[in-house]
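Please find the structures below.
There are two complexes below, and they share chain A, which is joined by chain B in the first and by chain C in the second.
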Partner chain A sequence: MATITIDDRQYTVEEGRNLIDAAADLGIDIPHFCYHPGLAPDGNCRMCLTEMEIRPGQFGIVTSCTIRIKDGMNFRFNSPAVLDNRKGIMEFLLINHPLDCPWCDQAGECKLQDHSFDHGRGHSRFVETKRVPPKKDLGPHITLYTTRCILCQRCTRFCDEITGTSELGVVQMGSKSEIATFEGVPLDNKMSANVADICPVGALVTKDFLYKPRIWHYEKVNTLCPGCATGCNTTLEVLHQKIYRTRPRHNEAVNGHWMCDEGRFCYHDWQDADRLQSPLKRVDGELRQVTWPDAMDAAVSGIRSVLDGEGDSAMGVVGSSMATNEENYLLSKLGKEAFGSSTTGLNRKPDGEAWTSKSGFRIAADKAPNSRGAGDMLGADSLDDILRGIGDGTIRGLYVLGGDIGQTLPPEVAEAFGKLDFLVVHDVRLSDLADLADVVFPGAIPFEKNGTMTNAQGRVQRLNPAFPQAGGAREDGAILGYVGQRMGIEMGGTDPAEILEEISGRVEGYGGLTYDLVGDQGVMKGGEEPSEAAGG
Partner chain B sequence: MAAALEILTADPTAGADPGDIDAYIAGGGYGAVRKALKSMSQAELIEEINASGIKGRGGAGFSTGMKWNLCADRYPRYLCANADESEPGSFKDRLLLETKPHQIVEGMIITCYALGINLGYIYIRGEFFQIIDQMEAALEDARKHGFLGADILDTGFDLELYVHPGAGAYICGEETGLIESLEGNRPYPRLKPPYFPAAIGLWGQPTIVNNVETMAQIATIVDMGAEAYKEIGSEEDTTGPRLFGLCGHVKNPGIYEYDSGVTLRELIYDAAGGIRDDNRLKGVIPGGISAPILTPEEIDTPMGFGALGKLGSMGGTGGIIVMDETTSMVDALLNASSFAAHESCGQCTPCREGVPWMNDILRRIQNGKGREEDLDLLLDICKQIHGHTVCVFGQAPGVWPVRTILVKYWPEFRACIERKELVVLPVDESYLRPDQYEHIPPLPGNFRLKAEEADAAG
Partner chain C sequence: MTAPLEFTDAARERAVEILSRYPAEYKKSAVVPLLHLAQEEWGYISPEAMACVAGLIDCSPVKVAEIATFYPMFNKEPVGENVLAVCHTLPCALTGCAGIFDHLSERLGIGLGETTEDGRFTLRKSECLAACDRGPVLLVNRRLHTHLTPDKVDEIIDGLEEG
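Up next is the complex of A and B:
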């Protein structure tokens, strides 16, 4: 720790921390444009200039963004020289700026607006002609409103430092400088849309979030990306039960400040999916829409007849790496307590492509968010035991959690499931899995769920719902709870926080975990890392 | 009248092609390299340069000995000889490159030997394409004669030197911009701190960036010995010969070699033969476009770094731009400002936006559309740029010409605004005397007009 002085007051801050970040920790805002905590400082915007004691009693102008805290440093954040400079920088940045806030998607979260309001001079002394470079289509996801660019180079540095793909650069010199791509080499990499998040103004925008409702209308929901086992922390922006935008939420231990494009835009596939409107029951060989009580009766009597006819172990359970820890836990409990010691399995997605960026950001090969947690809850990480049981005739019925919009069953699995006497499925759409079932319960998609998931590193993190379940769907936990109840066992509460408490007493590695402890930054299971660090 | 010198302008090849290495050697060339490598230790050489009192010739007048001593004790170290000469009004490096390629190579070899450097570059302005070829040839000849390569003169010292053609922008001459350019990047100057080249330079290693004339002078110092060299000029103004380039409205433009005690008046009226058509002098920029202008009343100053600094100007590159009574100072400033607006690299906000803005305003004034408030606005923009930029460019040539030409020739700018047209006032009415600068707001930072200096002191 270091003791520093800011405007004659003393503070204790972390030694070596960047001054802008250290000040932010103290609740002091040093206005800045080009500095971003996820990128190396560049010192080009000059907005953050402040006065520092360079020799005893003598202050000089320095860039805050390049200062690392050392004990005894002494700053003046509000001297006339500092305030004058901010005013000057604001004027310079605005002389060529179009000020088209009324139709700029950044309005409301724009650094230029905010700092103008706080530090600008209120009127312009510029009577010359503004430069008006045309807008540019930079790549599949990103458009550059060139006029709005303040040349802070966060975007070029992102492509240099984080992805290592360097598609963006500056062309021309002086006030003619423009962000550009090379002819024929678009901004097209696995993380390209992050540049829109870090652009402090409305210059870089995603085509996905263009001419959308004003940003202050949205409800913000902190949750996780369901796109892969990395489990990037996200914030959803939601209006009228619709997601408009996903943005990465900072978590140094998981995704830093970033997320991948596939994960960012995957919400469309989920929220636009053709969802099941009600439970389904097989009647005369065909799936028909039925009421909840009807489906519940059919499920319970189907399960009973398997158990009664073939014995306890004839009913297996298959969890889902799309479902939360709590849902998978309830499923395994149902299997153990209502079906007798049943065989468990996990239906995993075939691996996709793994990718690691220059800076170490990882996209997992496992394209499901909770394989690790589901495996922990079920004590199984594949369908091997289930398939064997079906093969040798010991398993005659299954209770399967589905829930993936992309789901396809491999042919051998589909064939095996087809041999069963009775199959209950939770799913979100009429998938090939649902297609084999005798009873289908319409479950929730990850964006509708409350619960925890465990990412590939073993970090337990919270999932929060953006909106209630669509159409006729129900929370999977509630469905499982009701089935359990009908089977005559005590399932306990179906509130995820309560279930997590139960999990913490029963599942290895989850000891001591509570919703509060998991918080919004997650915590490593098995206490591999002190709970304190997980929050920081 | 100070006596003209013939040291850097001497012709050791006695009329032969300056690139002819045999003629150069016959005239005593590469003697300095032999002397340094064969008879002096590294420490002795550094001490010799320190003792010589030479200030670098790149413009800032920084002590070369001190720069060498600041070089971090890390290896490998690199040398960059700066031959990007692009400052308007400056053409002395070009003359040296054309007439003394081998002396520059000598200086570079000696510098590398003294500092334990095994790899050096000479970064030559891209537009000097003939010079680039000649320099390549000179390096090849030096290599063939055993002055470059492995085990030079059987001393065990290895050195490779390469020519690097410049990337076509003035900012490539700024030492950290040069390094970025050498690394293959846009020549955006680096932040200082921490990127002082002597600490963290090329490829992150300690790097000495010296002007090519400084390199040539190193050979001269070793040739003459520091004792004799020091006799020329003075410590404060710089020792050793200086090359002054006179251009503009003089009868005989060209490069003239004197010590730093020569006055501006002597250079203009004696060396360069006076003003064209015997017109009256209106103003003179004493060291490249960035150097603050001097009025006819200020030309009795000696041309040393120290003396010009005291006058609120600077020694700069020694490129002297002379303007006679026919010159519109609005035109002159617009010209300087257009250069700055064109050459701003665009990396940092104040220079990228402020310098072209001033250019727009000046163009408007030239077109007779100046407004009452424009002159104060210009001064205010100067203030907003000054001391707030990444590199010195924002100030020189961004701010200083505006600040000083505008402040000193205020009446002529006022006249243009009032009469709504370009006006050239008679010389005596065109500029203010120092006691009339009072209404001008002072600048933050280290550069002040002389009258402000007095204010600050008093």
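Up next is the complex of A and C:
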């Protein structure tokens, strides 16, 4: 710890911390453009100038972003020299700026707007003609509104330091300087869209969020990306029950400040999926839409006839890595208590490509968000036991959580499931899994779920719903609770916070976990420390 | 991706020599001398030439483009045999560089950035050439001429036309 002085007041802050971050911790905002806590300081924009005592009694102007806290440092954040410098910098930055805020997508979350309001001079003395360089298509996801760029180089440094792909540079000289790609080498990497988040102005925008409703209309929902087992923390921007944008939410232990492009844009696939509108029941060999009570009756009587005919262990349960810990827990409880010593399984997705950025940001090979948690709840991490049971005829019926829009059943699994006497499925669309079922309950997609998931590192994190379940769907936990009740067992509450409490008493590694403890940054299960942060 | 040009064997040898002046982990430092070499080879720095240099110093081609486009002495387009650059920064402007430029433009029949039809002259403006006390100044290829008057300019051009 270090004691420093800011404008004649003393503060205790962390030694070695960047001055801008240290001030932010104290609730003091040092205006800045080029500094970003996820990137190395560059000191190029000069907006963060403050005064520091460089010799006893003598102050000099320094860039805050390049200062690391040492004991005894003495700063003036609001001296006339500091304020004057800021004003000057703002005036320079706005010389060629088009002031097109009314139709700029950054309006409302723009540092240039904010600092201009706080430190600008209100009128321009620039009478010459502004440069109007055309906008540029930088790559599959990103457009550069060249006129709005203030050349802070956060974007180029992101591509140099984080992805290591270096597609962006500053070409030309002086007032003609521009961000550019090289001919034939577009900004196209697995994390490219992060540059739009870190661009402090409206210069870099994602094509996905161009000319969308103004940013202040959205409700912000903190949740997790369902795209892979990394479990990046995200904030969704939601309006009229529709997601318009996903952005990474800072979590140093998981994703740092970043997320991958695939995860960022995957909400489209989920939100646009052709969802089941009502429960389905097999009648005369065909799936037909039925009411909830009808489907519930069919499920319960089908399960009963398997159990009555073949004995307790003849019904198995298969969890889902798309479902929350709480849902998988309820399923396993249903299996144990209503079906009696049932065999459990988990329908894993075949692995995709794993990738690690230059800075250490990881995209997991497991393209499901909760394989680890589902495995913990079910005590199974594959379908091996289930397939064996079906093979030797001991398993005659299954209760399966589906819910993955991207998954197809491997042929051997489809074949095995086809042999069952009775199959109940939760799914979100008419999948090849639903196709084999006798009863299908329409469940929720991850963006509609409330609960926890456990990422590949073993970090338990919270999922929050962006909107209620679409159409005729219900919460999977509520469906499971009702089935349990109809089977005559005490399922307890179906509120995820209550279920997590129950889990904490019963599942190894989850002891002591509560919803509050998990909070919005998650906690490692079993108090394990992360082997290595994935954030980079 | 822009296909890189290939140096001739002789130029390649010089490139190796240039690279040997810098520690291996700092070979990016060789970018400017390598760009000069490329300009000598091909007359101007095309994207393909930038890609060639990027390959030699193991960096992304846009990083070479940053340097090549920053320095006006690197030609980004084909130029004539002689490149004439009139300094137009403030001190030279005060000494009347505009008249020198106009005189050249009239005599050669070309405007800013243009090349004469016979391919002998390209006319340019340049930023300060660090001879502010001797303006107006003109850079002819790599040679600086100072204290210019229209007559002096004519002499220079005559000399070049004869040469």
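As a working rule, the second predicted complex is superposed on the first by the 528 of 536 C-alpha atoms of A that agree within 3 Å, B and C clash if a C-alpha of one lies under 4 Å from a C-alpha of the other, contacts with A are read in each partner's own complex, and residues count from 1 in each chain.
Criterion: contacts are C-beta pairs under 8 Å (C-beta built on N, C-alpha and C of every residue); 3 or more make two chains touch, one makes a residue touch a chain.
Not measured: the values here are computed from a predicted model.
Once both complexes are superposed on chain A, the partners chain B and chain C clash. Using the contact criterion defined above for the overlaid structures, shared-chain residue A:185 touches chain C, although it does not reach chain B. By the touch criterion defined above, A:172 reaches both chain B and chain C. Which of chain B and chain C touches more residues of chain A is settled by the count: it is B.
Look at A:26: by the touch rule set out above, it reaches neither chain B nor chain C.
When the shared chain is aligned, no partner comes close enough to touch A:210: not chain B, not chain C. In the superposition on chain A, A:40 makes contact with neither chain B nor chain C.
Touched by chain B in one complex and by chain C in the other are residues 169-170, 172-173 of chain A. Residues 169, 186, 188, 191, 193-194, 341-350, 352-357, 360-361, 364, 371, 377, 383-385, 387-390, 444 of chain B are the ones touching chain A in the complex. Those residues of chain A lying in contact with chain C across their complex are 165-173, 180-185. By the touch criterion stated above, chain A contacts chain B in their complex at residues 43-47, 49, 61, 63, 66, 81, 84-85, 87-89, 91-93, 95-96, 125-129, 150-151, 169-170, 172-177. If you check the complex, the residues on chain C that touch chain A are 1-2, 47, 50-51, 59-63, 65-66, 69-72.
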